[in-house]
Amino acid sequence: MSTRVAIVGASGYSGEELVRLLLHHPHAELVAVTSRQSAGQTVAQVFPRFASHPKARALRFTEPDAAVLARVADVVMLALPHGVAAEYAIPLLAAGRTVIDLSADFRLRSAATYAEFYGHPHPAPGLLETAVYGLPEFYREAIRQTRLVASPGCYPTSILLPLLPLLRAGLVRPTGIIADSLSGVTGAGRKAEVDYLFCECNESLRAYGVPKHRHLSEIEEQLSLAAGQSVTIQFTPHLVPVNRGIHTTLYLAPTTAFQTPAETMALSEKIGACYAAAYAHEPFVRVLEGKSMPDTKNVVGTNYLELAWRLDPRTGRLIVLSAEDNLLKGASGQAVQSLNILCGYPETAGLLPG
Amino acid sequence: MSTRVAIVGASGYSGEELVRLLLHHPHAELVAVTSRQSAGQTVAQVFPRFASHPKARALRFTEPDAAVLARVADVVMLALPHGVAAEYAIPLLAAGRTVIDLSADFRLRSAATYAEFYGHPHPAPGLLETAVYGLPEFYREAIRQTRLVASPGCYPTSILLPLLPLLRAGLVRPTGIIADSLSGVTGAGRKAEVDYLFCECNESLRAYGVPKHRHLSEIEEQLSLAAGQSVTIQFTPHLVPVNRGIHTTLYLAPTTAFQTPAETMALSEKIGACYAAAYAHEPFVRVLEGKSMPDTKNVVGTNYLELAWRLDPRTGRLIVLSAEDNLLKGASGQAVQSLNILCGYPETAGLLPG
Amino acid sequence: MSTRVAIVGASGYSGEELVRLLLHHPHAELVAVTSRQSAGQTVAQVFPRFASHPKARALRFTEPDAAVLARVADVVMLALPHGVAAEYAIPLLAAGRTVIDLSADFRLRSAATYAEFYGHPHPAPGLLETAVYGLPEFYREAIRQTRLVASPGCYPTSILLPLLPLLRAGLVRPTGIIADSLSGVTGAGRKAEVDYLFCECNESLRAYGVPKHRHLSEIEEQLSLAAGQSVTIQFTPHLVPVNRGIHTTLYLAPTTAFQTPAETMALSEKIGACYAAAYAHEPFVRVLEGKSMPDTKNVVGTNYLELAWRLDPRTGRLIVLSAEDNLLKGASGQAVQSLNILCGYPETAGLLPG
Amino acid sequence: MSTRVAIVGASGYSGEELVRLLLHHPHAELVAVTSRQSAGQTVAQVFPRFASHPKARALRFTEPDAAVLARVADVVMLALPHGVAAEYAIPLLAAGRTVIDLSADFRLRSAATYAEFYGHPHPAPGLLETAVYGLPEFYREAIRQTRLVASPGCYPTSILLPLLPLLRAGLVRPTGIIADSLSGVTGAGRKAEVDYLFCECNESLRAYGVPKHRHLSEIEEQLSLAAGQSVTIQFTPHLVPVNRGIHTTLYLAPTTAFQTPAETMALSEKIGACYAAAYAHEPFVRVLEGKSMPDTKNVVGTNYLELAWRLDPRTGRLIVLSAEDNLLKGASGQAVQSLNILCGYPETAGLLPG
């Protein structure tokens, strides 16, 4: 029995990836795609890349309408701007549907934090406690039982997956954490703005959102939960000229001092064991060995996040580096991973590469 | 004595290059820059690249006003869309100013051709016969004496400079000509359109404007003048992911047959002599020797056009290839070359590289 | 029953794509990969992208040895330079194995043409008549029955698929044909040469191999077979800064004159019908409709070739444009398509996107 | 009176920029360029970009020979790998010439640190105390009086210029400093290695040299001198797909606490005043105002470094960001700046943009 899935706001980059994954998903049936600007056009017309798929030629974009969506779909995936997603989630949940929201609307437990970072009151604070943060490696059981998944942001995924196991195990201090991230330009969305024109991004390297990017809110809330205390971190995103991919470099302070080779080796083994315990059986997290370093070109187009770490006895720091595809493990792939969990399918269904 | 120069429509890519060239020009003084959207901001604010130049910090963009421009400038350079440029050219010429127009408005001698290719009647047909096509290599004397220069388009420059000497010398037939061009994305202008977003252009190769691109009108008019008969050509532009640069490949039929090595050598010598006669003393056209092939990376950032040719005894064709910077020799550099000619300055003033 | 497949020369870009396709192929089992430089390393070490695949972690590159390959594999795919491939093909065929060769060694029927274009005598002229040119759309039945498939080159595929149906139907003249192609840099292979360094290719547009590129030999041989007469064409490849993708623009002369809208419409219908007859049921050729133009970003990562055409009444020419992934439909994807045909699997097995 | 300058090792990317700058320098005469691999070719043949310059057509690369160089040049600039540069510097200095070395050979005062970071004993430890670190903003007077300038590395320049004024003024702590840098691929040199092929770098983001990159040695030595105590920092370089440009993000701890808006404002004013004192009169350092952020596209092709800073009351940190062209302010432009100082020319001679 396949699950009927609808995508709201399907004309952006995340939406396009959702469409792609669902067109080829063995157990999901894509029954509706909506977009105000593309309504009336077929999927094949909006995304010529899918033009050979019979369903892409048949299925037309419609205006989004929660009542219609509730009728035709079992699960509705929202690829909408924050603030707008809640407008659809509320009636869909009321109608008994399951919602997987890729926006920031339900990622926080605290409505006050939402208001602080997003600049307006939360549109549906009552739903925050029912929502589950859709990071399968840490919330798999909760995802299985919820009807509202708040799929994590791209930067948060690239930071939380390397960091949560270490914090939970008490291997690194929850203070002084720095995350320095590089993102491809799909991260800015398919918006007609001069800043994201080819010639404004090509041959350009620049930071932005310094020092208080919105994604800090969900990163810090998750880190605080893991650490059992309030965590504040430094986060600097940079825009670099690739289509897809996020690379994050984390600067951490181990709770155990190390200087001698023996101390370094001992700590290294603890970290390795911590990651092995967390990820050895995870289908989509890859801990690199030896001299290998994460490289976005090895994960783009897949749902994998890869990570590596280095201890620096000179500074006493632990450096952890991660790479992911911002549109897959950082957005749509992870959302489909949650869909699989929710529906009881194999977690990798429809996600093995390509 | 320096010349006072104003730039109208200075906030696009061609405008930015004009600003750059004029900020460092030894004999020109940049007295005004206009742009509706940037009015009130300094040049340094709009173009952070120039922020260390004292004049860029002092000079502010203003709303365009022909009466004001006529008062403060001797020469006004128009970097405006076609159709709009004429609105400024008319009063400025009437006020006795000199106009160098980078738009298509005055490039054609025939108002009918303008209407055919641009889709509306010409806004000032009476001015067409006074305008001079600003290709210095072929209209240097006329440029010296006019007050209205119509600076050529980027594609036309890349096609006409390789082709005009051969046509004038009767070395190639005026029929069956094909021009296949590749252009960087600055050619599309600094417009907030989805088609020119980084992620829509990066890792993309596509043709457009097939088969009747607007630039055909001025190319064919100039070729017809050179050939002494009406010339129609095939022209296919392609958009490729570089910021700057046009590469053109021309497919031509020599008027002399060649098949044997001796025939090929003899024709090759004629072509070499033809180009030498045309360009040996030209400061900005470079005819490559030996096995060298034009490469946009060797001309981007300069006002040079480089070209090479190959005879193909298998097909009886002559292939000519050219490379230029679409914003310099294809637009603003060539316009400054005309400015230098008009004002009696050395033709290379302010144009040697960088 | 799965087929045991080995890849010889698997460490280049085409080899990497073959590995990727075969790791996920439902009916093929990758049993050996060879590479002198990578011998001893696992597939996961050489290609970190595949590191999560169990077989990639288990399978090690070996030195190429025809006797060993003949023992372990049913089908051997050769991703080797021309001249070298034949050395392996000869003993493997003698041992009763099936060979799919991605090099140029067996693409020509004429050993004399091979010697002319490749500069040395053909290493195994006796095999040329048994080899089948692996373009499934035109040689499907022959592929099914051969043990030696010569998989076509990347440029030839992008030219032949648009052109063969028109030539066969007599809709275009076999004379005066021009093919102007743009290729991504994977086309140059994974060779440590200065010309293909990032900084030598990025922001660069250049032609090469003018006027007599080696791929002309197989293109012209195939066109001659289709036209029933000897065909010589003009072909100009250009190197442009994308990883993957070939875009080809073909300039053709229809055999029927057209000038009026009615004539143009009539000819357009004939061309449309010709392509429909050729490709309506082909799984990997997409004929675009309406205003759509081929764009490599819509086919990269897939085995599709897409094409569009325009009639130009001004010049009397037909322009046909195509786009493909040079590593898939232009190399490894097409080779797997032949594998599927040979083995009696569904032709799309292991090739639907990703 | 012009200065006769020779460049040893002129065929790499830094060498090419030195050639470009000296071909157009108003007071320097380029008298010799050497390169083993390019010996015998003209500058125009090796660098087609300069083909229109008469001197580039006339001057030929020669084999490097210290005796010859000492005869023909007043100043010799060394664009060689570390370890090799000293071989030329020793005899040239002995012959009374002035040497500007772009390698790492003379950047350190401590031969022991050199041996630790470069893996072999220093080739000429006796020269270390006579060498001057060629960072004009901090060593201008010493440069004026030396005959051996050790021009700084690209990463060090991007880190030291933002950091030295703050450390000297005691505004930030010398402990816990983190520098996270992004570099374009010219930083890897013009070496034929697979890692730097177009397709290996394009669409790739990766860190390297973690945690102990060689440039740390000169960075830490300079920071230690400024702080008056031994300084150890964390430094992570990343390779990103642009040709040119380095972007550095520095994470610093101010010595004064700040949390309230008033405290933040007060500290911000101190930092602003510190930078103004350091750089208001410097020709090549640009401190950005308002919301502007450094962007490599605004400095590539120029000798400027631009920087901005942000205080983060949430974390108590100061973030400083800088952008430069790794080949100009990070290498050849800065070396010419030293040349100008040494020779008593205006410091900006030959360096204003372009």
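The letters A, B, C and D name the chains in turn, as written, and every chain counts its residues from 1.
Rule of thumb we're sticking to: a residue touches a chain if its C-beta (ideal position, glycine included) is under 8 Å from a C-beta of that chain, and two chains touch if they have at least 3 such contacts.
Quick caveat, the model's predicted, so the values are computed rather than measured.
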Set of chains adjacent to chain A and to chain B: C, D
Identity of the chain that, by mean CA position, is farthest from chain C: D
Residue-number overlap at the chain A/chain D interface, same or different (half cut): same
Distance from chain C to chain A - Cα centre to Cα centre, in angstrom: 37
Inter-chain centre distance, chain B versus chain C - centres from mean C-alpha coordinates, in Å: 39
Averaged-CA centre spacing for the pair chain D and chain C, given as whole angstrom: 46
Two or more partner chains touched - positions in chain D: 184, 200, 202-203, 241-243, 295, 297
Complex interface listing, chain A residues touching chain D: 176, 178, 180, 182, 184, 200, 202-208, 210-212, 232-234, 236, 238, 240-247, 249, 251, 293-297, 300, 310-312, 314-315, 317, 319, 321, 323
Touching residues on chain B, where the partner in the complex is chain A: 13, 184-186, 190-194, 196-203, 241-243
Complex interface listing, chain B residues touching chain D: 20, 24, 48-49, 51-52, 203, 283, 286, 288, 292, 295, 297-299, 301-302, 304, 306, 352-354
